[in-house]
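Listed next: structures, encoded as structure tokens.
In the two complexes below, chain A is the common chain; its partner is chain B in one and chain C in the other.
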Partner chain A sequence: MFEAKGLMVFYENMLALNNVSLSCGENRIIGVFGANSAGKSTLMYALSGLILDIQKKEEMAGGERITVRGDVLYFGQNIKSMKPSHRARQGIVLCPERRRIFVESTVLENLKIGGYLANSRQTQETIEYVFTIFPALKRLSKRLGGFLSGGEQQMLAIGRALMAQPKLLLLDEPLLGLSPVIQYLLAKAIKEIRDQRGISIIVSEQYARPVMPIIDYGYILENGASVVEGTNKELMDNPDVKAAYFGS
Partner chain B sequence: MEILIYGIINSVQLVLMALGFTLVYGVSRLPNFAHGALYVLAGYMTWLLVNRVGLNYPLSMAVALVLTGLIGAAMYHFILVRVRGMAISEIIASYAIGLAIIEGLRWGGLKGGTFTLPSFVEGSVSLLGVSVDYQRLIVVVAGLILVALLWLFVSGTKLGLGLKGMAQDEQAAMTLGIDSDRMAVVSMAIGSVLAGVAALVLLPLGSIVVEAGYRVLIMAVAVCVVGGLGSWNGAILAAFIIGFAQILTERYLGAHYQIVVALLAIIITLVMRPSGLFGRQKELEERV
Partner chain C sequence: MSVVKQDRRKERVDRGIKVRTDGVYAVSSWAEITYLLLPRMVLILGLLLAPVVLTAFPYWQRVLSHICVYALLAIGFDFLANFVGLVSLGGGLYIGVGAYIAALLNSHYGLPPYVTVPVATLAGAGLCTVILLPCLPLRGVYFAIVSLMFPLLAPRIIEALDIFGGTDGIVGLDGFPSGWVEQYLMIGCVLIAVFALRRMVTEDVGLVFRGVKDNDQAVKASGIDITTYKALGVFIAAVLGCLAGACLAHIYMWAGISQFGLDYSIIPIAATVVGGGGTLIGAVIGCVILVPISELLRDFGTLRIAVYALILTGFIVYKSEGIMTYVTRKYEQFERWVEI
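Right after this comes the complex of A and B.
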């Protein structure tokens, strides 16, 4: 359903993504792993369309020249020049790095803002669903987003993205800076979301261990290029990947 | 007592003048320097509709507000969108539009004290021993109603929630399907209508003069800078601080110090606390 072909992104002359291709079928979880500066976030910007907004802002402010090459196909349609808000309307929703929740709004209001694209029945139903997969949020529903812990904020960010009724959910480093217990809890929730809602998910992560077991297929990025790819079993059995990501 | 009552009235006037400006900036990071011009324009259009077209007063006000909103939306849609993201150009473009409107009106014959809008209700009432005319009470009531309506709108409707999301984090809002340009048009329309409402309740207190355009802009900028650009709570608090400061100086120094107070407030804020009382410009980003 979703495919990126030969994506190249330059910041001025620096190559941030070098000919990256990936695809995601329906009802799948795809993992993208790599160290800092490997290009994970740039990839997520390119898939969600935020890169177009960043590109335009830089251009208007006289900043960096950003060049994007390659195609992004979604149900056979090339959406590489589609704005992020229109991609969201089509069902591609990004849950951004560092969560970016609305800190001056309550938990419930964050979810309601997330439901901008949903009708009132979907909004009701999805809020209830978010509260069943993340019961912690229900207790905190009147608290301001800024006063949540990192783990709670991440749950809220994922919940907020679900409110937009995605068909493809892009999770950019959802486990960043969280404790191992929360990491495993979130990884489990991500799998549940796929199993229960039939949403395809692309998740990027630096720390592969909690995410690797839940993915169907994964890509390893290094210096902006995809160097290894395979099913989770193939990746876990690959000696290089093992050494780099599992330390054994 | 007089200071208290007139201080509140003056503060609410400032809230009315600043509300539209702060809303547009808060949502779209767009400093609308045509704000004061839209204020004068709304008043003048109402005058025209009443005196030249012959509509009745309430209907004229409604039509003028709708037109003002459309003009605001059109300003963004046709002009400002082209310079979006270039901060200096946004100011120059919006200020140029404002100048064109204000000086156009002056050229078109809007000068002197001959253009007046009637008060909604004539007469005055004695409040705790202070005589206050009804129009000034209406100003306070209108201010309260407007703030309440705005609050209901942004927390209860889908469009309002979209604006609120956009105001807090543009990119996060985009990924949820909230369109930046669409929200900017909506915020400009609402901000212009708010400028219009301010004009319609405030202008009956005096006459419609083009200079009001500049004065309203300065007051709106002062309130927003002191309160922290884009912060609604900050703007209301700042309006009360400046509002009372103006009434106090008017009482003890002279009426012509009003604008000096506003400008001094901008300077003091920029020196002491550049982000304003509730500003988030300089807030440290959370590091992970």
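Right after this comes the complex of A and C.
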């Protein structure tokens, strides 16, 4: 259903993504793992289309020139030059790195803003759903986003992304800066979302340990290139991956 | 590997001579020395020769002084906005305070311009810094609003209390001995200001300034009092503004409430945007372009502002990097197509 072919992104003369291809079938969870500067965020920008936005801003400010090459296919249609807002309408929704929740709006308002693309029945239903998978949010629904803890903010960010009724959810580093307990809790929730809503999910993460068990297929990025790929079993058995991500 | 490999992209590469002149090889040959000196000399000689070239047009010589007044303000604005992170709309305040102090010293105590200008510059800058001191914790648009309030407030106070000559202003000040002294004084001040500030922002104190702009909390965490540095930044910008104001008073031999005018707050911003923010020289270039345009448009009366707004909008939308940033890139880098 979703496929990226030969993605290359240059920040000026620096190669950030080198010929990365990945595909995601329906109702699957795809993992993208890599250290800092491996190109995870750039990949997410390229998949969600935000890179086009950044490209334009940099061009206007006379900053770096960003070059994007390669194709992004979605249900057989090439959406390579489609704006991020249109991609969201088509069902590709990004949950951005560092959460980026609206700090001056309450939890409920945050969710409603996320539901801009949904009709009122979907909005109601999805809010209920978000509160069932993240019961912690229900208690806090009147609190301002800025006063939530890191874990609660992340739940809210995922919930907000769900409100846009995605068919493909892109999670950029959802476990960033969270304690191991919360990390496992969120990983479980991500799997539940896939199982219960039938949403395909691409998750990029540094911490492979909590995420690896829930994915169907994974890619390891290193210096912008995809070096290893395979099912979660294959990846966990790969000695290099083991050494780098599981410390044994 | 199945991807078609005829894709090309444009690459930007530093020119060889640019890389060489970054280091000690800058003085290795005339070519390198010329490469470094040429742009600076164009600016310096261009400004120094301008009064001579304009000898036949006394009106435009006066405009040249005006360009310098605005250039000093614009340099201060660019420095405050892009190196200290304070967007200040207080240009009118600096000019007005500088002009009034110089005028009072000259008319009441009979001090000559070569005393009043330095005194008005320092005292005025101190006064402006004290006035703006309570607003320094404010950031972004809040500081801009508050700093704009003072130049709006000052003329009303002078009007209401009928002090300093009230609405008539202070008239009959001494002028500069001759037009040449006036122009070369202004041009010298602009050149010294722009090169001194360019040097300062790369020194240690400049690093702190830029740190305050980027992340003031991290600067505080390093044990540096940011209010001191913000006050110092405002003082530097106010020195430039009050100097321009004091000179302006002696150029017109008059100080009045129109010197708190909005023009002095707005045109420096426009010039900085057009010339390229964060380059300091860009601010001067912006003034050299915008102030004569504004003089040419004088016939249109208030439509002047409309034309200004159009120019500004056009620049922000189509070339928000500014002239100086664009030209620097072309001077230092070349482009070529490379196969991906």
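Heads up, the rule we're going with is that the second predicted complex is superposed on the first by the 248 of 248 C-alpha atoms of A that agree within 3 Å, B and C clash if a C-alpha of one lies under 4 Å from a C-alpha of the other, contacts with A are read in each partner's own complex, and residues count from 1 in each chain.
The rule we apply is simple: a residue touches a chain if its C-beta (ideal position, glycine included) is under 8 Å from a C-beta of that chain, and two chains touch if they have at least 3 such contacts.
As the structure is a prediction and not an experimental result, all values here were calculated from the model.
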Fit-or-clash call for chain B and chain C when the two complexes are aligned on chain A: clash
Which superposed partner A:Glu222 touches (first chain B, second chain C, both, neither): neither
Of chain B and chain C, the chain that contacts the larger number of chain A residues: B
Touching partner for A:Ser105 - first (chain B), second (chain C), both, neither: first
Contacts of A:Gly70 with chain B and chain C, given as first, second, both or neither: second
Contacts of A:Asn19 with chain B and chain C, given as first, second, both or neither: second
Chain B versus chain C as contact partner of A:Val93, first or second or both or neither: first
Contacts of A:Met60 with chain B and chain C, given as first, second, both or neither: both
Touching partner for A:Phe10 - first (chain B), second (chain C), both, neither: second
Segment of chain C that clashes with chain B, given the candidates 41-49, 59-67, 131-139 or 293-301: 131-139
Footprint overlap on chain A, where chain B in one structure and chain C in the other make contact: 60-62
Chain C residues touching chain A - in the complex, by the definition given at the top: 2-3, 7, 9-13, 319-322, 325-326, 329, 340
In the complex, chain A residues that touch chain C: 5-6, 8, 10, 12-13, 19, 60-63, 65, 67, 69-70
Of chain A, residues touching chain B in the complex: 48, 50, 53, 56-57, 59-62, 83-86, 88-89, 93-96, 98, 100-105, 109, 112-117, 150, 160-161, 163-164, 176-177
Complex contact set, residues of chain B against chain A: 83-87, 155, 158, 161-162, 164-165, 168-169, 171-180, 182, 286, 288
